[in-house]
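One structure, as structure tokens, below. Some questions next.
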């Protein structure tokens, strides 16, 4: 079986779906590997390193894809690339299937079996394949560093001969993987960290990192949906939440928002009014910018300065830490592929929770329900 | 020997007993208990005396008491010693 | 008589020194030796002071006693030490009672049996006998002849109350000389035997050492009382010493168990909290205390600490490092095993332990640490659960089957700390907790580690 | 007496020499205060705030300066501004007197008594006026954040389901105030930190922050000069040092250089060869760029990418943290002015170690020896 | 007689409890009260037991004594307490000697004066008299009547030696009854007076408290000896108690000064070694141990920790937090005082304490904390020096004059930890270390704090 | 009262005296010394007795002894109390 690693072609995407190390692992597992020339360049992996690991270097997209059984990527395939795919092949990348209906449809037409790393179930067993976690972790970490670098103030408390500097106040909205890592990193830098999330069990997790949890007083149940993900919340809850967030953002120096609801646009939690209520020199990093942002004023991949408040809409923080981001993503992908392919043999066990979960197209069908609904409605 | 004097001795001895044990690491609880238990075998003194003082019945009771108390003393000190040997670093 | 008493004083001084030295690990052995020399002096002085003694009889008695005592002492296994102490102690109490009884019979009907003498005799007989029977029950419980579980029946306390009242009444009757019937005296003996039994059977095996210590203190009091009967300084001082120091020791032991003495003696009415079950399957867990954990650790050379989400919840990272440092001070090798998914975010344990300043080179990941468990003496699991669940290795039906886990069960002993028997994130039961080589220490990780640290320091 | 606060006019200088708080302090001490309109704008202090503190807002440079007895600034005066100064007035700013001979000469012509915050003696007593410390501290802190944000790798050790990430290796060259704070900050982020300095007593200080000190084996005495500052080192020492630095930089992910020798250009400690020996994706932050840089490839105020190695030559890190930088600098300046001016009276006690030390021109003379030598030689 | 002795035993028990309670700050006052009640019981019992007593005489004597004692006790200034103790003690020794002498004169020439009695009388007279004269010299030295400096002349030790031999010889002569000349007895008194003087004058003022404590122990022994003369249990027990506990206390005091008793008594020939000097000025420091520090802390309610560069050098931040947490567990308020220039970089202490996870709200800067020292019980200085140098407040010639410092000297007690008497960064000596309310605990900060932590746990 | 008994009492009292003082903070050294010094004023018991037993001379010596010992007791306890008052929280 032949697996192909494409060079990423989206602007700013510096990651790669396989490192020389995972190439070797996949080969050891019985696959043949093709790597498009320059695929690892921006994450500092030379063609030579892939060759040394046993991969075959191919000059362009078509020579890489033709005859390949499995295609591994970071960002979604372009429609052109899909055309170059063999029918019935397998495709793995990060992909918000509900947002890329056109691509999904094209894939079904090509009878490609598509897997999205976004859909890997968040179970204990699947953790080594959980690319959302590994990449969100990077985003959470990096967002604090970038936020702190934007800030006009210190993060830690310092008592110096020229006066006492109070610690910066950091507010993390949404304490999933990214949010938790952001808490940890801000904490390390000595800031006073508080965090907010709709899921109640997150309180213990936030506190387990030494931060304060911001509680919303509302009669209504908080937003816990399926599989530990968040769902949309009630109106009363939303109102209380808005009041609370307004109060907390006004006091914060750095706000990092990570709130997402799978398959939906990101909830808008910080409106213009709240931003204008913040101290000048404060910073908002909106990790939800890819899905519309948690802040009303966020512009995707732009850093805007609104009356002295900086709003950073960088959507792809992992790509700014390409060495480790690639290393972790490649490992997630190879774990997944190795999970499916035992001794060089493809075993698409549709009963398997992980394989079935991550699959969104198979044999010309859209197997992911929500995506399917969307695709039939458009 | 007058009563008051004996009482004085008794009270002072209690004070001493109270004061000498302050902090004992848990691992020594058992040996200490065992060692002081051996000391309570001092009843042997009474036993010996009663073999003489107590007449026929006393002698036999005393004899049994001597056996009992000796078991307490000898066994107690020996067991304590064995336990304490374990504390020697290997 | 002068010299005898002088010898008794010398013996008492040696006892004092002996007990004092027994309190510290470095001097304990010499302490025991010194005390035994004191005993020798007391015996020789006593024998020497009575010219009319029946030496043969005494010699025979002492030889028999020595043989029995020595045999027991040598034969017994290390694990049976506590019951040995119990039984020896019983004999000591018995001896005191016998001496007092002998005195009673001798003086019975004579004017010598004044209020004071008969009062002390009754006291000595009562306490001595109670010690005797109680010690035998304690022995039986520890040795397995009697069930180690608390044996309780309703009305027990009331029965005990009646018996105590009975003894006091009879004792008063005899003492103030109203009734000289020997049967009354036998009545006291019988009641004391019974009381010794009923006071001891309701106490659980784990609390036995405290009870033995208490009985030990009693036997000292009995000896002292006998001393008053015989007007013998040696008995009075030594008995008082043992009585007082025994009581202090009992208290220390209770404190070590976080219990009051009253709670140990009366409180343990029937709760068997040792067996807990979760979803369907039964897991028999051995629950233990921090000072037992401390002792297990004391004997170890290599210790691996396995932190989990519970450690983070308890914010016990600093306490964990302190314990680790203390273990290192004690000459042990300590490593931390970091499972890749321990906690609730990638690198959670790293963040936690970095905060507590645990040096990086002590943190080992799954691949590096798993071979190390083979020759690890103790693995301490701190609030981890799923990541040490052996079901992942063999139970194909388990939702975590196939996940690499930390092979903590390969180490000689596993100490698991968590608050309850509740499962972790994956919601599944963990058979590890019931393994033969696993000991559970329940409680919040921070509190547990703080106490453990104290216990380690006190070793 | 009238004190004047000018608006900074150098590109990128966002700090200000007095905050409303220190304005109030100076007024309480008997001074009159003039603040040029917009002086605090970039550090988020409005004209109104200065007014509320008791200052008089003046529209431009000349109206601010004419009649003022004391002028307080961050960056050096321009020659034009000097012209607007009254003769015999007092001037205080950050100023490397040995580099700005022209300015110094002009000041003597105007009989201005000039003080440079650079020259405040580094004694225990003068610490509250020590602007070099307060600003270097910011630079040290910020350099790590910016460095970490540049890095393609994580700083801390992380053991995750997708593999173990080793901690980044950070090397700090020059462990003065900036270097020590950089050590502390990198340490906080979980990196493995080592530091190097020519002064031997720094070893203890480096270790007091939990980092490793890199020792140079050389027979020659290390470079300790006057007043605890460094001096140039011997040739053998330099050779050993070069070897060591080459070895350490090659292993480092992030290198922060802070080595300075007062009155001299910064020593070049990292040459091109060493840079090329570093791992791709590594970062060098050169805090000595103002004085020529410790790295051969440093370009002042530019971020260059040399074969995948990023070399950041930002010279004014404190200006990127303008709120606290201004707060601390303003406090340093007001401490100094308050030290000189008791009860509204100017007391230029030339015997005083601090006053005499910080002074470089007085009554038409250059009082700072090294500057004087340079001025007469040019 | 029965009841009298019973009362003595009761008094002795109260004395024991009293002395014990005097050893801990919390119970000291009640201890003193309990002991004085014991004394009252002893006096009443004695008076009540003799019907033929000349009550008037005794009453007069007691009233005179009470007036003198009370006047002294009330009038004396706090700073003169030690000399008061000395002189009171002298009177106690004198009283014992007088009683023994009275007994001697009464029994002189009668058969009652057997070897034992005369031996104890001589002992009592000798020790009592020596205590009397020695205490007066100690008083004189402290009060300034006699030079506080050691007064030594060559041959002093030899002279003392001869006097001791003389006393032993004469004592033996009297005791074994060879010579009953009263002049011999007077000879002993004279020699004892002289010896008391010559033993005390060579001792320096700083060591006086130790000598007083020793003399106090002596007066206990004298009382005990008198007890043997009179065959009085009360005197024997109480005297022995004071004698033994006084000796222990003397030893503790010596240890606190890092000296041996022998060194204090004989070695102090002219060297004042507790005085350490740096640049010219002399600083007298009191050096102490961690367990004393622990006890000082035990009595405190509010504790302020002052970290400095030394804490960073020792990397003792975690140890410091542990100690602080332990103090909080003990119910004390603990704050950290952060001087703006402590350490070697701005915010050094913040970085350090953040690493050890000290909560921010416990860190107070100079402005906030300085008013707090006024009602602070103990300030603990950990490797700080320049930032707590009071010279900055008043010594215009000091290079740091005018710098705001932490006013640690305002707190009731200051505990300073550093390794040596070396100066800090500014290179100047620190007078704080010699202040009356300062105690130095030398050693590496980490080691010191680790031990202190242990000691606190053991309290 | 026989000798041995008295000796026993004496020895036990010494043990008690030895054990009751273990750790005393430096601030309590002087008060403790002062308090136990007051206790050594127990010589007053002897003094009172000797006023009676000692005949004419004894009475007068005893009288002086009573004065001395009273000074010791009264002064000692009062001074100690004053010192300890300083320890009271303000």
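Just so it is clear, A, B, C, D, E and F label the chains in written order, and each chain counts residues from 1 on its own.
As a working rule, a contact is a pair of C-beta atoms (placed from the backbone, for glycine too) under 8 Å apart; a residue touches a chain by one contact, two chains touch by 3 or more.
Small disclaimer: the values here were computed from a predicted structure and weren't measured.
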item: Chains in simultaneous contact with chain C and chain E; value: A, B, D, F
item: Chain D to chain E, fewest steps along touching chains; value: 1
item: Chains contacting each of chain A and chain F, listed by label; value: C, E
item: Contact-richer chain pair [E-F vs A-E]; value: E-F
item: Interface numbering overlap (same over half, different under half) for chain A and chain D; value: same
item: Chain centre separation in whole Å, for chain D relative to chain C (CA means); value: 67
item: Distance from chain C to chain B - Cα centre to Cα centre, in angstrom; value: 19
item: Cα-centroid distance, chain B relative to chain E, in whole angstrom; value: 39
item: Residues of chain F engaged with two or more neighbouring chains; value: 1-3, 5-6, 8-9, 12-13, 15-16, 20, 22
item: For chain C, residues contacting two or more additional chains; value: 8, 12, 16, 233, 237, 340-341, 346-347, 351, 354-355, 357
item: Shared interface positions of chain D, touching two or more other chains; value: 127-128, 133-134, 137, 156, 158, 160-163, 165, 188, 190, 210
item: Interchain contacts (touch definition) - all pairs; value: A-C, A-D, A-E, B-C, B-E, B-F, C-D, C-E, C-F, D-E, E-F
item: Parts of chain B lying in touch with chain C, wherever the complex brings them together; value: 1, 3, 6, 9-10, 13-18, 20-55, 57-59, 61-87
item: Residues of chain E touching chain D in the complex; value: 309, 312-313, 315, 340-341, 343-348, 351, 354-355, 386, 399-403, 425-426
item: List of chain B residues in touch with chain E within their complex; value: 2-5, 7-8, 11-12, 15, 23
item: Chain E to chain F touching residues, read off their complex; value: 8, 11-12, 15-16, 18-20, 22-25, 28-29, 31-33, 35-36, 38-39, 42-43, 46-47, 50, 52-54, 57-58, 60-62, 64-66, 68-70, 72-74, 76, 78, 81-82, 84-85, 88-89, 91-96, 98-103, 105-106, 116, 209, 212-213, 216, 219-220, 222-224, 226-246, 248-249, 252-253, 256, 286, 288, 291-292, 295-296, 298-299, 301, 375, 413, 439
item: Of chain A, residues touching chain D in the complex; value: 43-44, 127-128, 130-131, 133-134, 137-138, 141-142, 145-146, 148-149, 151-154, 156, 158, 160-163, 165, 185, 188-190, 279-281, 308, 320-324, 327-329, 331-332, 335
